[in-house]
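Following are the structures in question.
The following pair of complexes shares a single chain, chain A, combined with chain B in the former and chain C in the latter.
Here is the complex of A and B:
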């Protein structure tokens, strides 16, 4: 266990730890381009040079292993000079496209140049022209002029996605990043190269020119795309809506969580936010009447919903009402529904798991179960019936014992048995964010908020309850499900219910030991997004 | 040591007037004489000018705005214009520097992908709300492409509605500078 001193602070680290890691443990950030904690060490950019006492010359912090008695200085006059020279070399063929470069604002060339740059250029030669702005895959655009050949993207494709699409071709100042012949950067994780590229060489096709990065607001969230529950950050633009043509969410970035997704997310999750501002979002309550669909105010709609449930219970008994949940609901939403059902004595609760026929799965992040909170449903005791996909409910509807259904989010008519059964249902209330065939059949539609518009937590397949934060104001009249339920509950003289997230969570943990014991990931785990760390350090 | 300046609490009135000033009438007459001398003097000069005589002598200092306009200082910040490339397309690359720095938040740019990868980015729309602009000139100073200038010397862009005060990219691109020769020079408008 070597003990070394970095900038006057002693630290003991395990054998094999590099200087850059030891410094990071002390909270000292050493500038870097090629080093990335999730990739192998290249040692090629020379930006992390530090001064080590008794060493004849400056050493790269990313490759030097900590040794006992080592005394490291991360910022001395020599180090500054070295970094300035490294930057001068990097810029010798750099186009300085900052005005049109999407990276600008979160670019490590810009960030480090502000600190170490040589502001008076000495360069007289002509810069080498290279190919600019061309797509190398469905999500990624490459600009060879801006590339600083740090090889992070190459190492990512070799070591993380293991798909080996990229390489460095040619030699000397002619070397550049290129795709292998006949290949395309289309692996399931291709978007991550955009995040790890420290400059604007790799940019996001989907995000290009939508918004300047300094206009973006950021909120920590959890990807609802599959049971992994990757930690993400939602980047959205609400201050300048005209810039992105009304789209609010502009991109998703991964957040570092060593136990779940490390630094990465899959492309499916990265681009899985489109339903939030889609044209089929339900914005107001709707009721089906003899004259067609009419919009309703929230209060009237909730009152109607409560009246329907009350009537059905009164006339046909508690077993005439069923709740059909979805594993896309948060723990808090599910718990609120459970509480209401208990108060009303409703026992017919089930959920349909669309992941019954598992989708694509790999041995890295992507899970076959495409629901973020199936584990939460199970742990809340909603899966005890072990009947397939709530098919028993379809049976009961057909027999006429189940007369009324409150369905959440999912399109029931995708299931053949339900498609037939829904017709014989007397009353159907649909609670969901986007319209589908079921919402069109429902007598009453209550619009609900998407994950980006509410606070809550999802339990991933490992059993980690991970919290997500509200980024946006819910669209139109829509409200989080637990709030809708709370307001319906108010009509049933249910004792004052805490539908505040914190209180719900406390109650949930008190009642279900599983949630008490599971790790509750706070939404502030460090960003996986390297440049943001750099920005924070250099702010 | 601080010097204490005594500020009078009240304006001092009437003190120090001479006897003649107090009698009022002679002072009025003196004032009227001065006004009348200028009036008739200028009247004469302008009549001579009409007859084509004595034109090297200027009449009253009044500029006959809007028929005549004064030249402004070349540093004057006037109505914005967007400069053009040789082919007439805007030089602006929609970098949003001006939009970012504008203290009045009155620049609205929407960027788009340019078919030429060497230009890459261009403004699909570029609006300035002149009703909000404070004419600070920050947008001009911050522009890395010399794409926006405030050198048109146009100051008379008032409009009847707030909407008309929002200038779009077409109007801004076609704002020809209207510059007179230097400060103090008077220019006849057509």
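Here is the complex of A and C:
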């Protein structure tokens, strides 16, 4: 355990720790381009040069290992000069097209120039012209002029995605990032190279020219794409709709979580936010009448729903009503529904994602189970209520014992058994965010909010219940499922209070010890893809 | 002074094994393998004061002693024959005229460090000379000097000659290793040094061709004998590659510590056409230039370092008054711009920048401040790069501009070249 001194502050670190890591532990930020904690050390950008006493020259902090008695200075005149000169070298052939660069605002060339540069350019020569702005894969654009050859993307493709698409070709100042011949940057994690690119060389095709990054709002969330539950950040623009053609969510970025996804997310998750602003979003309550579908006010609709449930229980008994839940619902939503069901004595509850087959899976992040909260359903005891034959509910509907169904999110008709059975159902209430074949058959449709529009938590396959925060106001009349349930429950003389978010959580933890013991990750705001403002202020 | 390596230069007969054996060839190797322990060999080389003759001048015996002892790991000997430093052509002469001396040195050095595989890395342009070496190697194999159980001692050694693709950077030892491993020739971050983790991650000793070629004579005549040939801290002889505006360019084998004046005026027979000497680069293009007043310096590592230059690879480039030093430096700049590997920022961007400034000055478009900028850029490169190529590009810039400033200013302010035509 070597003890070293950085800028006068002593710190003891484990063997093998580098100076840049030790400094970070002390809150001293050393500027860097090629260094990334998730990748191997390249030591090539020379931005992190620091002065180490007794060393004949400046050393790179990313590669120098902490040694006992080492004395490091990160802000001497020599270090400042070295940083400035490295910046000057990097910018000498840089096109400085910041006004049309998507990276502008989160670019480390800009950031470090404002902090360590601030020199008058003495470069009088012609800049080297290179190929600009061409796609190298389905999601990524490459601009060779902006590239500073930090090789983060090359190392990512070699070490993390292990797909080896990128390399640096040619020598000296003619060096360029390039695809290997006949290749395309189309691996399942290709979008991460955009996040780790410290400059505007690799930009997102999808986000291109959509919005200046300083107009984006950011909210910590959890990716609902699969059972991994990668920590993400939703970047959205609601105040300036003219900036992004009316789209609210503009991009998803990974959020660092060492236990779940480290710094990365897959492309499927990164671009899996389309349904939130899709045209098939349900915006208002609808009822099917003899005259066709008519819109309803929320109060009327909820009253109708409560009345239907009440009538059915009264006339045909508690077993005539069933709930069909979804593993895409949050822990809180599921618990609220269970509470209502318990209050009403309803025991016919099933959950599934109909029409689902085990999806693509790899040994890195992507899980075959494409539902964010199957583990949550299991921990809430739902699994045990599922009878051996998956289609028992369809069977009971056919037999006429189950007369009414409240279906959440999923399209039941994707299962042939259900599709046939739905016709014999007397009443069907659909609660969901997007329309599907089931919502079109439902007598009553209640629009619900997507994950970006509500607070809640998903339990990932490891058993981590991870909280996500509301980024957007729910579209149209839609409401989070637990709120819909709470307001239906009010019609059954159930107090609204237990459905309040914090109370719901307290009850949930009291009743299911699992949620108490498991790490309920707080949504923190640490950004995985770039240095935070706070970190930079330390430097 | 008796010649050691250059004794049989330009005698095609000397390449043959039969000729070499008649002249006590492979006797030193036999002595080393049969009568000496590896430790004794290393001590003898330490006594000889033999230093790395590729340019850095690191004591050879000490380098060999860094190899981990009693480790079961395989270790390698790599001979650096990537001689790419402008103005240096000594290694070419060795493998062209006396390849068996190198091979004998390889045998002794491999035995000393316990290597059973040696790679000779020759630059791509040396295809003809590498073929000569290959022929000699095959001859030696047939005679049983390489392969299994050499001299009946149970020591096995295989040698492989590898041709690079002709990149200057692959003469840098860690880039050479990368290239030898089949990768792009990019220098590695150090530590670990090659003696700990080198070729394929194994302990590796990399020596210059000339260094290894002096090993047989050290074993034959003893380290002290060799040491006495040279100056105090730099033992023995050295091949000086002398080129430029002199009457008799070529490779001269002289004791370390011979004065530069002697080399130019006695051995190379002075300047051509009665012109005056203007500048000398003493140790290959990367070393700081000397003026005509500085040529009384002794050509050894310490004396040159004392006046702010370097012995380097001992490639002496002589320029007379007809040479335009702006042009000379622009040519050098172009070389480093072309040969920079592009891995680290200062060298990749700086070499091109300096070359562009020089090109502007040379074509009459220089402006006030260019020289200050040139020196500033060079200073920003120096010491901040992964390998020594950046330093090598920066040192001539700084020394040329400092020592011959008027010539550069004349180009900038008067748009006129001061070289005598």
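Criterion: the second predicted complex is superposed on the first by the 515 of 539 C-alpha atoms of A that agree within 3 Å, B and C clash if a C-alpha of one lies under 4 Å from a C-alpha of the other, contacts with A are read in each partner's own complex, and residues count from 1 in each chain.
By definition in this document, a residue touches a chain if its C-beta (ideal position, glycine included) is under 8 Å from a C-beta of that chain, and two chains touch if they have at least 3 such contacts.
Not measured: the values here are computed from a predicted model.
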Using the superposition on chain A, tell me whether chain B and chain C clash or fit. fit
Quick test of understanding: once the structures are aligned on A, what is the angle at the Cα centre of chain A formed with chain B and chain C, as a multiple of 10 degrees? 90
What is the contact status of A:154 with respect to chain B (first) and chain C (second): first, second, both, or neither? neither
If we overlay the two complexes on their shared chain A, which of chain B and chain C does A:134 touch? Say first, second, both or neither. first
Counting only touches as set out at the top, which of chain B and chain C does A:41 meet: first, second, both, neither? second
Per the contact definition in the header, classify A:86: touching chain B only (first), chain C only (second), both, or neither. second
Is A:504 touching the first partner chain B, the second partner chain C, both, or neither of them? neither
With the two complexes superposed on chain A, say which partner A:243 touches: chain B (first), chain C (second), both, or neither. first
Just chain B (first), just chain C (second), both, or neither: which does A:174 touch? second
Identify the partner contact of A:97: answer first if only chain B is touched, second if only chain C is, both if each is, neither if none is. first
The chain contacting more residues of chain A, comparing chain B with chain C, is C
Across all Cα pairs of chain B and chain C, what is the smallest distance in the superposition, given in whole Å? 23
Chain A-facing residues of chain C, complex: 167, 169, 184, 189, 337-346, 348-353, 356-357, 360, 367, 369, 373, 376, 380, 383-386
Quick check: in the complex, which residue numbers of chain B touch chain A? 93-97, 100, 108-113, 117-121, 144-145
What residues on chain A touch chain B, complex-wise? 97-100, 104, 131-134, 208-210, 212, 214-215, 240, 242-243, 245
In the complex formed with chain C, which residues of chain A make contact? 41, 43-47, 49, 57-58, 60, 63, 81-82, 85-86, 88-90, 92-93, 122-126, 128, 148-149, 168, 170-175
